[in-house]
Amino acid sequence: MEPLDTHISRQYNADLENIRTLVLQMGGLVEQQIEHAITSLVQGNVALAEAVIVADFKVNNLEVTIDEDCNQIIARRQPTAGDLRLVLMVIKTITDLERIGDEAEKIARMAVQLINEERPKNNYTEIQTLGTHVRQMVHNALDAYARMDTVAAVRVAGDDRQIDKEYEGIMRQMITFMMEDPRTITRALHVMWAARALERIGDHARNICEYVIYQVKGKDVRHISLEQMEKEVVGNS
Amino acid sequence: MSENAMDLLKSEAKNLNFYYGEYQALKNINLTVAEKRITALIGPSGCGKSTFLRCFNRMHDLYPGNRYDGQITLYPDDVNILNPKIDPIEVRMRIGMVFQKPNPFPKTIYENVAYGLRVRGISNRRKLDEKVEKALCGAALWNEVKDRLNSLAFNLSGGQQQRLCIARALATDPEMMLFDEPTSALDPIATASIEELIAQLKEQVTILIVTHNMQQAARVSDYTAFMHMGEVVEFADTNTIFTNPSQKRTEDYITGRYG
Amino acid sequence: MPGMSVEVMRGLIARRKRWDIIFSIIGLFAMLGGVVTLVALIAAMAIDGLPRISWDFFTSFPSRHAAKAGILSAWVGTTLVMMVTVLSAVPLGVAAGVYLEEYATKNWMTDLIEINVTNLAGVPSIVYGLLALGLFVYQLDLGQSILAAGLTLAILILPVVIVATREAIRSIPGTIREGAFALGATKWQTVSQHVLPYSTAGILTGVIIGLSRAIGETAPLITIGALTYIAFLPDTPFKGEFPYVSFDWLTSAFTVMPIQMFNWVSRPQEEFHYNAAAAGLVLIVMTLIMNALAIYIRYHFRKRIKW
C-alpha cells in the first residue's frame, strides 16, 4: 500500500483519509456497542441494554455517511489501483460493521428478555467468556485494518475457529440444560440466540481481516482455507 | 474484457532502442501486441510512448538522424519491419495510423477515403465506391456523410473529421492500426464515439493506441503498458494494471501521485 | 480590493491610454504623408496622359509625330517577354523550391543556398542585365531578342519564385504530409498530389508579385540591347496553317512599355511627355490588375483550405 497522503491532489488525500478515519470511528462505536450489550446481558442491566438498542441508529447513520463519501470519491476521482481497492474495501467493511451493530442490538434485546427469567447460578459466565473473546477479535481486526497489517489480519481471522468451538460448546450446554429441566427452555433459547449473535460477529470480523488482505495485496482470500490465506500473505509481499 | 494466454501474437518488439541523433528515446523495449486486441500505451509526457508507436510504421524514417536498434516483428510472416532492407512504404501499407489532431486532406470526403486506394493504383470507380462505402460504414460515418460525399472534408466537425481519418486508414484493410492520442483534440461526446468505434474495430484489426488519458486506456484496452523515461515499466492485462499493478511507479502514476 | 482604490486604478488606466491616442495621431499623419504623395503623382500623370488614351494609342506604332504615336509594339513586346519569363521562371523556381524543401537534406550547403537565394532577390537589376548580356546575348548567341529578354527577367524573378514556393510549402502542416506517408504514399505521390496542389495559391501569388516587378524593369533590358524605336511586330506565335505554331518571334527584336516611356520622356517636345504619361498610366493599370489577380487567387484557393 502506498501512503495515502502522496497524491498530487491534496483534496484527494483528505477525502481518502476522511473515509478511513470514519471507518475506524464506526469500528470504535461498534466495539463499544458489543461491550455494553454483553455487560447488560451478564449483569441484567436493562437501562444499559436499552441504551444499546437506541444507539444502533448512530452506527446506521455512519454507514450511510461513509457510503455517500465513497460514492462521491468514485464519481469524482475515478480511483485506481490501491486507491480503488481502498474505497471498495471501505464499502464492504462498513457493511460488516453495520451487521455487527445489528448483532449487538440483538444481544441487548435478549438481555431485556432475560430480565423476566430466573438468573442462572453461573451468572451467564459462558456468554461473558465468549463475548470477551469476540470483542477482542473485533478489536484486533480493526487494529489490523488501522495498521494495514496483513500478518495480524491472518492471525485474527484464525481466531474465528476458536470462537466457533466455544459457540458449539454453549449450544451443547444449553441443550443439556433444557433436557434436564424444561423450565429453563425459554432462558436457554435466549442465551442460544445471544451466543449465535456473538458467533456471527466473529464471522464479520473475519471478513474484515480478509478485506485488509485484499486491500494491501490485491489478492482475494475469501472462501479459502486459513492455510492458503497464510500462503498468499507470505508469498511475494 | 477478455484477455487470456490464448491470444495470438500479431507483433512483438524485441530489445528495441531508438535514438533521435545522440539522444536515446527508447530503452530496450520488449512488448507483445496481441492480435485483434487493443493494446494501450500510457505514461507521462515525454515518456516515449508516441516515439514507440511511430516505430511501428517507420514514421521516423521521414526525418534525418533517427536510428533504430533491435527489432519489431510482424506476424504471421515473421518479418522484422525495422530491417533497413524493408521499404517503409511496405510497412505503412500494412499498418495504418490515425493522428492526434484530425488531419483530413483538403479534398472531398470521398477523395480522402479513396486516397489510400489510389496510392495503391486502384482507379476502377465501382471498386472505389464500394471500398469507400465500406470504410465509412466501418468508421460509423456513412449515415452522416452519404449525401455529401463530394463536399470538403473540412466542413465536418472535429469528431467527424477524426472518424474520417479512421475511415481513410481503414479503407486499405490494414492488419494493424496505430492511434496516437486520437481524442486529445476532441470534446467528451466525440471522444466517447471514437472510443466506441475503436472498441468495435478490434473485431477486424489489431490496435495499438497511445493515450495520455488513463481512464481511456482503462475503458477501451485489453492490455496496457506503462512507459516512463523511455522504458516499459510494466505491461499486463488492463484489469491488473488498474486494480493491482506490481510496480510502484505504475501505481504512483495511475493513482495520481508524485512520480 | 487588490491594493488600490477604483478611482486610483481608473486614473492609472486613463494616463496609460493617453499614449494610445498620441500614437494613433502620429500614425495617421505618417500614413497620410505617404498616401497623399502617391495619389498626387498618379493624379498628375492621369491629367497629363488620360486625354491621349484612345483605341488608336494601343494600335499605333511609335511615330515621329507625337499625336500619331502609339504603344502597339511596346505592349505586344511586354506581353511576349512576360510569356517567356513566366514559362521559364515558374517551372525552374517551383522545382528548385520543392527540391530544397522536400528532397534536399538539411545541412550547411542548403543553408548557404537558402541565404544566397534570399540575397539574390535584393541584387540591383542592372547586375542581372550585365550577367544576361554576357551569358544569353554573347555566350549563347541569342542576340538582342525577346527570348534573351524573357530569360533575363526570369533570372531576375527566380529568387522571388523560389522563396514564395518554399514559404507556401512550409505553411502546409507536417501532419498532412505525414498523413499521406502513413497511407503508403511515396515522396513523389506526396509532393505531386498534396504538397504542390495545397501550395498553389502561395506559389501563384509569388509568381505574380515577381511579374509585377519584372514588367516595370528597364535597366536590364536596355543593357542587353532592347530597341527604343520599333515600328513592326514580331512574327505571330500562332499560324493559320500547319504546324500552327511558330517560334520565330522568340528571336525577334523588341521593345517594352517602360523603354517606350523612357524614349518619350527623353524627347524635348512637350507632346511626347503626354504620351509617356499615358503609357505610364497603362503600365500602372496593368500592374494593378496583376496584383488584384494575386489577391483573388489567394482568396479563391484559401477558401478550400483551413489549417
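Order as written gives the chain letters A, B and C; numbering starts at 1 within each chain.
Here is the rule we use: contacts are C-beta pairs under 8 Å (C-beta built on N, C-alpha and C of every residue); 3 or more make two chains touch, one makes a residue touch a chain.
None of the values given here were measured: they were computed from a predicted structure.
Student: Hey, how far apart are subunit A and subunit B in touch steps, shortest way?
Tutor: Tracing touching chains, the least step count from subunit A to subunit B comes to 1.
Student: Name the two chains that are joined by the greatest number of C-beta pairs in contact.
Tutor: By contact count, the leading interface is B-C.
Student: Please indicate the chain closest to the centre of the assembly, with centres calculated from CA atoms only.
Tutor: Given all protein C-alpha atoms shown, the central chain works out to be B.
Student: Give the label of the chain whose average Cα location is farthest from that of subunit C.
Tutor: With centres defined by C-alpha atoms, farthest from subunit C sits A.
Student: Between subunit A and subunit B, what is the gap in Å from one C-alpha centre to the other?
Tutor: The separation of the two C-alpha centroids amounts to 51 Å.
Student: Please compute the C-alpha centroid of subunit A, do the same for subunit C, then give the distance between them in whole Å.
Tutor: Here the centre of subunit C sits 91 Å away from the centre of subunit A.
Student: If you average the CA atoms of subunit B and of subunit C, how many Å lie between those two points?
Tutor: So the centroids are 47 Å from each other.
Student: Quick one: in the complex, what on subunit B touches subunit A?
Tutor: Counting only subunit B, the residues touching subunit A are 214-215, 218, 241-245, 248, 250-252, 254-258.
Student: Could you list, by residue number, the parts of subunit C that touch subunit B in their complex?
Tutor: Residues in contact with subunit B: 105-106, 173, 175-186, 189, 193-194, 198, 304-307.
Student: Taking the complex as given, what residues does subunit A use to touch subunit B?
Tutor: Contact set of subunit A toward subunit B: 2, 6-9, 12, 78-85, 218.
Student: Mind pulling up the subunit B residues that touch subunit C in the complex?
Tutor: 57, 59, 62, 64, 89-90, 92-93, 96-97, 99-101, 103-106, 115-116, 119-120, 152, 154, 165, 168-169, 172
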